[in-house]
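Per-chain residue numbering starts at 1, and chain names A, B, C and D are given in the order in which the chains are listed.
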Amino acid sequence: MPPQRALGVAVVGTGKMGADHVRRLHDVVSGARVTAVVDIEAERAKTLADAIEGCTAYTEPAAAMAAQDVDAVLIASPGPAHEAALLEALGRDLPVLCEKPLTPDAASALRVLAAEQRLGHRRVQVGFMRRYDTEYMKLKRLLDGGELGRALMLHHRHRNLSMPPWFTNEMLINDSVVHEMDVTRWLLDQEITAVTVHKPAPTSHAPAGMNDPQFVLLETELGALVDVEIFGHCGYGYQVQAEAVCERGTVRIGDEHGPRLSTDGRWGGRITPDYVERFEDAYDREVQSWVDATRRGEIAGPSVWDGYAAAAVCEAGVLSQREGRRVEVELIERPAFYR
Amino acid sequence: MPPQRALGVAVVGTGKMGADHVRRLHDVVSGARVTAVVDIEAERAKTLADAIEGCTAYTEPAAAMAAQDVDAVLIASPGPAHEAALLEALGRDLPVLCEKPLTPDAASALRVLAAEQRLGHRRVQVGFMRRYDTEYMKLKRLLDGGELGRALMLHHRHRNLSMPPWFTNEMLINDSVVHEMDVTRWLLDQEITAVTVHKPAPTSHAPAGMNDPQFVLLETELGALVDVEIFGHCGYGYQVQAEAVCERGTVRIGDEHGPRLSTDGRWGGRITPDYVERFEDAYDREVQSWVDATRRGEIAGPSVWDGYAAAAVCEAGVLSQREGRRVEVELIERPAFYR
Amino acid sequence: MPPQRALGVAVVGTGKMGADHVRRLHDVVSGARVTAVVDIEAERAKTLADAIEGCTAYTEPAAAMAAQDVDAVLIASPGPAHEAALLEALGRDLPVLCEKPLTPDAASALRVLAAEQRLGHRRVQVGFMRRYDTEYMKLKRLLDGGELGRALMLHHRHRNLSMPPWFTNEMLINDSVVHEMDVTRWLLDQEITAVTVHKPAPTSHAPAGMNDPQFVLLETELGALVDVEIFGHCGYGYQVQAEAVCERGTVRIGDEHGPRLSTDGRWGGRITPDYVERFEDAYDREVQSWVDATRRGEIAGPSVWDGYAAAAVCEAGVLSQREGRRVEVELIERPAFYR
Amino acid sequence: MPPQRALGVAVVGTGKMGADHVRRLHDVVSGARVTAVVDIEAERAKTLADAIEGCTAYTEPAAAMAAQDVDAVLIASPGPAHEAALLEALGRDLPVLCEKPLTPDAASALRVLAAEQRLGHRRVQVGFMRRYDTEYMKLKRLLDGGELGRALMLHHRHRNLSMPPWFTNEMLINDSVVHEMDVTRWLLDQEITAVTVHKPAPTSHAPAGMNDPQFVLLETELGALVDVEIFGHCGYGYQVQAEAVCERGTVRIGDEHGPRLSTDGRWGGRITPDYVERFEDAYDREVQSWVDATRRGEIAGPSVWDGYAAAAVCEAGVLSQREGRRVEVELIERPAFYR
């Protein structure tokens, strides 16, 4: 497809993440243009649209999706609004990039799953952007290449400088560990079958009532054991690391690097403060990849099934967190459509 | 400028580098489209143009630059063809991104310098892409930030897996060390005043008659001492490293990182085989930055003066290499226009 | 104490470890000499004794300890023989360095504990040599220094190239993880209160019936959570790593370093094959430190209480391993004598 | 030799280095005892001797060397006093470990060379202790092993936190760079044939009149090129690094490691402040190795020839430093005795 026929994208939701995707589509990504922005706050949508030639503001996703110049939809609204927007887009057979979570729970995810199957072909990519991070991609390639043999364990570290005050124990699972749940499924190409959440004595820097850090054990269908340290208030930066323990070797990603200073009695360097800086390239690559595939008439990346499975594992995780015991994950049988 | 009005770029020269820039402008960079490709080999230009809607093939740069849909020019033809193309573009007041070298020698660079000054405003950016590499950018920011104090020395390492058979001693300076000459000038914000080229006993993997490796000493106007190891046939990968020695600390860039494997009695990882992989992001960032600035009606990045100064330092380097002695660099006084 | 009056040491047990200690006392350590070697295999003891002037061979520990020139005892016989030798040495009020385990189980350890308390002063140091490893010592100093705040979690990795064919699941706990149990108690200055052993699908390089790797969770009295990956057949080297997650930072030890090669498309270096090479300096430092303290009439290092506590945690670990559930550790109240 | 017959060592010179060797021989090294200490300051020698049983204080090296209980001599007096002490020891056929420099200049070194040859067997080891540093030893083994092919270049970094106020430009060569001169000769097994000293604009933290840092180029007989950055006032720690550039790979030693902290927005660790901490193990190993060889009646380590060659290269370096030009090294032909 020629540059003249750039993909016309409607961005649904113009909060922090949505506005960032608008900027990305406009300034960074090749082959796309933002032709519609949608937000229930009309003023916010209008301000954004006015800054972009050929872009119209809407308050209703359906209205935007009906527009002539909208070829595809990027959903970045709050999780509870996803299901309606997804069903609308599927109804119009429009390609979608939907920010995670697909929907807030497994039941609603199942309804989207059903709708896409009724449509008869895949249209939805879910925004698990770690799969587009350079180091995770190299790790995946190594594991798939087979030179290290079968993966026996994964060790994940997921540390944040701090969390917003409204962050809850459940969100540690649903918003943070969900990333490790997805990359685990992707890296190992196996479903997660059980979750156990451990709660060590919390840091004094976490709000009262919050168990931070937590240590999550995941079991997979072929018997791999996966542990995730989630630490919301580590106090020093944003740090995401993973280590795969395989039959013929181990491999670790996420160690900080970059300029190595020697000064003041110390060697070392800087740690990124947040996920925006750490995964900026992954977001760019994810959206470019979605635009490219869509323009070729293809679909790739995490599917609705991946979104559903993540939701089901999260539900088990939150239950384990609450009840202090191992919880098995309940999944429907995987439809042939998603194999 | 809106996405509809993407920058129409004529790419002059469609060899390895030119073709790669066509791909980059088409697939990676936002806000530009390739409207013309120019090559004296008509067939090659036509094949390339046919694959892109709205792109015309030319055999003459002047013809392409005269076209309505050409807003800017990217010159990637062989060095000896640069001067004519640059003068043509300046004559038409078109923005230019010119691959290094600006021109093959200082005398021709001076003619371009004069032409741009006659035009009265800067139009040409020279393709010293290392200035767009993330690590070099961080090093520059550190040095400019002042926390480490004044830079006293720079140590550069520049190693290639191997060189094409037609590579000469002079090319080690003009095509390879020229990068270190430019980043030295840029990092220190000082001109280079003298060059001494040392030739240790060569590796047995270099062709007969080639002195490989070489060790180049650069002196700067404020007395910093800079050394460059250039090694064309190191045999194991492409490795570019730099270390700044400052009054209050040292800082090193270019150490390999990425997945750290432990396997088979060894820890470590992979080294990139060539500059394409090592500097892919820098090329992308360079061209995106040029497109963005051009669309805003601005000019940034390495100037014709930088291209001229590099040519003058290279000439001194080649003379030192030939005569085995320290050679002082002759530069005209820097015009106020380029300050 | 003057060099002329070197500490006369009886080494009990002359297997691999005992013979190595004889060599260490003779060739490496300052201020000691081996005056007796004891082994039920008379011939082996005699051969060793004959190579050292002033050294006598014995088949009975008691006979050696009765000798005039024996000032101290180093016990390196098999675990089941430790109790008798320890009680003999305590009966003669001789200083002892006892290789781990103190004794094979908690009950026998309690008898040694009682004997030392009856003696009225500490005489026994247990050979948990990791406490003398440079990196562990630095980690301990960091944690004690308080700059990182309270430790919330420890992540341990303990990987062996391979195990001897007679190695069992129980030995993975009693002989390998026991080291992490001890350093955990020492680093955190807390007792371990519960153990849970997880068994992922085993590597195909382990013998049939062996669960390798295993993943052990330890809980401490103040609520820290500690995980230990024990991998007996990792296939690439001997790797011992630890990471402390604290309130104000994290710290990791055990990453390989040393000469960094770039060759053949790879950067990195060599991994030590076994504990002998990895902890050689720790063994030297442990024994020198014991000799120095003993000559000053002092006692330091891991105590009989540490040996007992490790045995109790191991018993819980083996039970958890067998029954697949969390097992609480039963400890007697710590006598004031050992505080 | 049995432990009872520990090597009786006379330590000549009891300044910082001498006192440290007394401690080392007494507390760290196996198989030796200090039977004599010599210092022209009688009181200092006596205080030191009184703390050690069986140790006598002397003010004259010759008197100490004549004593019955002195089997070997460790010379740690100021450089100008070395020649007399060495000739005295050679006259008595006593084994010697002589701190660097062997003597202050090539002429006096030649006299020692002649004396040892007259004696007819080697008796003197020179204290170039870097040859006993673990990383240098591994580098040497790698280069000798041949897997990387011939060494083409060496890059050395030698940085000190700061220098005492009485430190001079000449001492930067004679006391600091002399280490790189020696390890270069040892690593490459080649003599150094020429020296060029470069003086970049100095750091503002150096005393007036001191050129700091300096950059020294060494050429070897087979055409290898070696550069040494010597920086006396780097301000952040003691850093000694080396990189060998070979035909089939490069190898670097001296990167800092140890506990890797993540705290306060930074990753990294601590840099050793001085050579005492950095090379403590090397000193221990050097002296233990000398004691062991001496007790076996052998001699190993750097020879008088090495001491003479280093002195000759230093003389060329100081001349180059003073006159700002390349200076060739003058060496006598190497006697067969020292091959």
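Just so it is clear, a residue touches a chain if its C-beta (ideal position, glycine included) is under 8 Å from a C-beta of that chain, and two chains touch if they have at least 3 such contacts.
It should be emphasised that the depicted structure is a prediction, and the values quoted were computed from it without experimental measurement.
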Point to revise | Chain separated most widely from chain B, comparing mean CA positions | key: C
Exercise for review: Could you see whether A-C or A-D has the larger number of C-beta contact pairs?
Suggested key: A-C
Review point. When the C-alpha atoms of chain B and chain C are each averaged to a single point, how far apart are the two points in Å?
Key: 58
Exercise for review: List the centre-to-centre spacing of chain A and chain B in whole Å, with centres computed as mean CA coordinates.
Suggested key: 37
Revision key, fill the gap. CA centroids of chain A and chain C: separation to the nearest Å works out as 45
Check your understanding: Could you state the distance in Å from the CA-based centre of chain A to that of chain D?
Key -> 58
**Study point:** In chain B, residues with contacts to at least two other chains
**Key:** 235-236, 239, 248-250, 255, 260-264
Review point. For chain B, which residues count as touching chain C in their complex?
Key: 235-237, 239, 255-256, 260-271, 273
Point to revise | Parts of chain D lying in touch with chain B, wherever the complex brings them together | key: 149-150, 152-153, 155, 159, 198, 200-205, 213, 215, 217, 222-225, 227, 229, 231, 234-236, 239, 245, 247-250
Review point. Across the complex, what residues on chain C touch chain D?
Key: 2-6, 26-31, 33-34, 52-54, 134-135, 138-139, 142, 147-148, 248-253, 255, 257-264, 288, 292
